[in-house]
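Two complexes come next, and they have one chain in common, chain A, joined by chain B in the first and chain C in the second.
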Partner chain A sequence: MKQRNLFLEILYAVLPAVSIACLLVLWMGVSGNRPDLIPTPAETWSRFADTFDKPIMRLSFFGHILASLRRVMTALLISWSAGILFGILIGWSRTGKSVFGSIFNMLRPIPPLAWIPLITIWFGIGETPKILIVVIGSIVPVIVNTQSGMERVEQLYLDVGTVFHANSRQLLFEIAVPSALPTILAGIKTSISTGWMVVLAAEMLGAKSGVGFLITRGMDSGDTALVLVAMIAIGIVGALLAVFISFVERMICPWLRKK
Partner chain B sequence: MAEKKIRLRLDKLTKIYHTPEGEFEAVHEVSLEVQDREFLVLLGPGHCGKTVLLNMIAGLEAPSSGSFYLDEKEVRGSHGAVGMVFQKTGLMPWKTVMQNVELGPKMAGEDKKTRRERAKKYIDLVGLSGFENSYPSQLSGGMKQRVGIARAYTNNPEILLMDEPFGALDAQTRYAMEDELIRIWEQEKRTIIFVTNNIEEAAYLGDRIVLFSECPARVKEIYEIDLPRPRNNVDPNFLHIRQVIAANTDLAL
Partner chain C sequence: MDKKTKKNKFADGSTKYALLSVLGIAGFFVIWQLLVVSGIINSKYLAAPTDIIKLFFVKIAETAPDGNTLQVNVFSSLRVSLLGLFTALILGIPLGWLMGWYRWVDRFVTPLFEIIRPIPPISWIPLTILWLGIGLKAQAFIIFFSAFIPCVINSYTGIKQTSPVLINVAKTFGATNFTIFIKVGIPSSLPITFAGIRVALGNSWSTLVAAEMLASSAGLGYMILMGRAFARPDIIVLGMLVIGVIGAIMTALLEFAEKKIVKWGGRTR
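After this line comes the complex of A and B, so read on.
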């Protein structure tokens, strides 16, 4: 039994590497036979190395990643703080829900990119409009999750609060918010991927820096290797962000740790 | 013998729920006197409104009619003198044992040092020393209910309400917890109102047993149990009381 477990452990440790290797082999196979469809891994790698010698728009490759990252992170910090506050407002207070709930439900289905024309008229084409569009996109999951977490606080915990004489502020901060925390964090995770999605689109539509700009540049000049480099970078940065956020989750919600 | 002091008096407490299917009466004109420092057991079949009665005393639900008096003063809403141990423990999973136990004094704004000292005293009393920093998910069912008891005691209630606190435990743990509860009660005498649907548990714990009828709950009979403690649940007197109560109990269907 023990032997078998050890075997499984090793298998599960090795499998991720195997599946990535398979993907690479597939990529090599396709690019070797049909070079018009996709550049080879070697070409992509050398294109990646090139970006350090020949900056694009006076920015190195990491400069572009940083530019996107800065936009996303600024926007995310805004949507996390504003989204959690607003979610608590419409999820906890009945007045808050009846005043703002229907407005939010009407604004929610509008894709963030639909705001681009208006926002361009209002704020021009600098950093602010891009960040704003990312905020519009990424705030939605934060609000939705916070609201549902706050609406679904177990009555039992609120009863305990009543029996132990919690006032309304204590009911909110000692009981409701912590019990909604796991749901809120799930919304925050979703907001990160939404944020990336929107920043890419915003950059592709008009920017002089960022990963989205790299992709547009690669498309316009037939440089598919550059497009691939940008795509892989997005994948890696996104995965790193997800790891980081699970770490933060374990810090904030220690009671959810697996034993 | 000294006159027994009345702590809590219920006067024709009634609870009616208005549901789409019509009116549903859960508690019908229950009048009771609870003496100071007694262990009172409310016994009744299945779902017959015992919990509703307890929730009304705890201030979680408002009575449809009737009133109750604490030391002859009428009470409305939740009251500092009343503590409660919940059937489903109601421990907050995001709080450690210590943070759960110190809830009451923390809500009252007591400073950290004093409230932690008192919480520690009751954590020790229920036998959970060393588990202060554990989360409820790391504890067994019996241990969780001990935390619930420590939490109620730390809030210094004069009257302790217990709503089938051992209902979810296996038989062995249940017996152990009953002994534990009696030990704590003898050490820290408070008035306890204990709800159960288990006749043996009622006879083992109570000074007096209030037997309720099937829905709506109304007082059917009150038994005084003056067997010495610790009680022996195979003693002939004990078995006799058990039989008498059992014969008088409505069957819960």
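After this line comes the complex of A and C, so read on.
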């Protein structure tokens, strides 16, 4: 019995490595036999190294990542500030909810990507439309979470405030908003990953810089290795963003640590 | 107590608030209409709501400018996104359950899953073209990716949270691990799994536009892209509204199904 357990422990420890190895073998096997389907890992790596010698559209590889990150950050700052304000408005005031919440709920089912054609008719293809599309995509989780956080403030907390003669401004800013903070942060977290996804789509539809541009560039010039490099970079940046934000979350709300 | 005060708050002026909602939406459309009719917003950039309603009826019979009637586009979009969505449900949910229940599956699949997860579905488009060409299969594949990930994550989390008490009861009655998996694990994971299906549904419908950029010849996403190409804001807005309405209807249908199927939602945490 004990031996069996030991065997299982070893198996469990080795399996992740086995699965990654399987993936690599599969990749090498397919790319070796059918190079038209996917470039080999070696090709992908050398393509990655090449991007530093030969900049694409006068930007290095990291330059493109930075260009995308800058768009996302600009858009996120807008959607956080606007989204939290709007969320407080429709989550705190019944009148606000009735008047503006209904409009918001009517527009919400329209996916952010479906706005792209209309936005490009309005603003052409510069920086503004891309940022605006990312704002449209990333503001929704912020608004939804802020609203639900504000609506679910413990009545008890508010009653305590009332007992101590807090005025309505104090009730809002000293009780309701702080107690909704964890929910708002969860919305901010979602908005970051949504933003990162939407910026990609916006860039794929016409841009001269950014990771989405790299993908379209690779697709148009038949440079699959570049596509793969860009995909991997997008994945890594996305994962890093997720790690970074959970770190920040733990700094701001230490009480949220995983049970 | 808490509930009661809330209820009273609602009862207070619920008619007033319902009226305000109607006013809000009506105001939205009236301002929109006025902005376009008065010429503050050029009709090159936005169509008036009345024109869009008119276009809705025209588009049912006419194929201009994208070559399909509205119904054909709706049908084509539904086919692509439901194909992608159902493939994702059929593969993703059982995979998540197995990963959550059997540790060796978890150890084997999770690393692969974690590699694929952060790559947005849209960035698969070029590789998909290489692998599957352009057409229904390729479009459904992109949608599959967008729906697959929430299916796996939620069914995994759901089954992981199965109450140990329930498992122990089953064990006491001599159930095998597999029986417990089927009869205890899966049912108790359903509320969270359904939340995943809801996310998957939303993702699959919102990736539609991206998927239909892939050289399709019909579909709502294609229709609004053509609207952009022909500089027809009325076509674009009509397409957006139809996409929104269908998305909302599908979400409502799913919620209805969830209520029918998961009757124990409240009790398993």
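FYI, the second predicted complex is superposed on the first by the 223 of 259 C-alpha atoms of A that agree within 3 Å, B and C clash if a C-alpha of one lies under 4 Å from a C-alpha of the other, contacts with A are read in each partner's own complex, and residues count from 1 in each chain.
Basically, a residue touches a chain if its C-beta (ideal position, glycine included) is under 8 Å from a C-beta of that chain, and two chains touch if they have at least 3 such contacts.
Just so we're clear, the structure is a prediction, and the values are computed from it rather than from any experiment.
Trainee: Overlaying the two complexes on chain A, which is it for chain B and chain C: clash or fit?
Mentor: fit
Trainee: Once the shared chain is lined up, is A:Leu11 touching chain B (first), chain C (second), both, or neither of them?
Mentor: After superposition on chain A, A:Leu11 lies in contact with chain C alone.
Trainee: Tell me which of chain B and chain C touches more residues of chain A.
Mentor: Larger number of chain A residues touched: C.
Trainee: Looking at the overlay, does A:Ile110 come into contact with chain B only (first), chain C only (second), both, or neither?
Mentor: Only chain C; A:Ile110 stays clear of chain B.
Trainee: Once chain A of both complexes is superposed, is A:Phe244 in touch with chain B (first), chain C (second), both, or neither?
Mentor: Neither partner.
Trainee: On the A-aligned overlay, A:Asn167 touches which partner chain: chain B = first, chain C = second, or both, or neither?
Mentor: A:Asn167 contacts chain B only, not chain C.
Trainee: Pick one for A:Leu200: touches chain B only (first), chain C only (second), both, or neither.
Mentor: A:Leu200: touches chain C, not chain B.
Trainee: Under the stated touch criterion, which partner chain does A:Ile175 make contact with: chain B (first), chain C (second), both, or neither?
Mentor: Only chain B is touched by A:Ile175; chain C is not.
Trainee: Which partner does A:Tyr157 contact after superposing on A: first (chain B), second (chain C), both, neither?
Mentor: It touches chain B, and chain C stays clear.
Trainee: Enter the shortest inter-chain Cα distance between chain B and chain C once the structures share a common frame, rounded to whole Å.
Mentor: Between chain B and chain C, the shortest C-alpha distance works out to 9 Å.
Trainee: For chain A, what residues appear in both contact lists, the one with chain B and the one with chain C?
Mentor: The answer is residues 156 of chain A.
Trainee: Would you pull the chain A residues touching chain B in the complex into a rising list?
Mentor: Touching chain B: residues 156-157, 159-167, 170, 174-175, 178-179, 181, 253-255, 259 of chain A.
Trainee: Using the touch rule from the top, collect the residues of chain B that touch chain A in their complex.
Mentor: Listed in rising order, the residues are 55, 58-60, 78, 80, 82-84, 86, 88, 90, 92-95, 103-104, 106-108, 135-138, 151, 155.
Trainee: For a test of understanding, state which residues of chain C touch chain A in their complex under the given definition.
Mentor: 1-2, 5-6, 9, 13, 17-18, 20-25, 27-28, 44-45, 103-104, 107-112, 115, 118-120, 122-127, 129-131, 205-210, 213, 221, 224-225, 227-228, 231, 233, 236-237, 239-241, 243-245, 247-248, 251
Trainee: Of all residues in chain A, which touch chain C in the complex?
Mentor: Going by the criterion above, the answer is residues 11-12, 15-16, 18-20, 23, 36-38, 94-95, 97-103, 106-107, 109-118, 120-122, 154-156, 196-197, 200-201, 204-205, 212, 215, 218-219, 224, 227-228, 230-232, 234-236, 238-239, 242.
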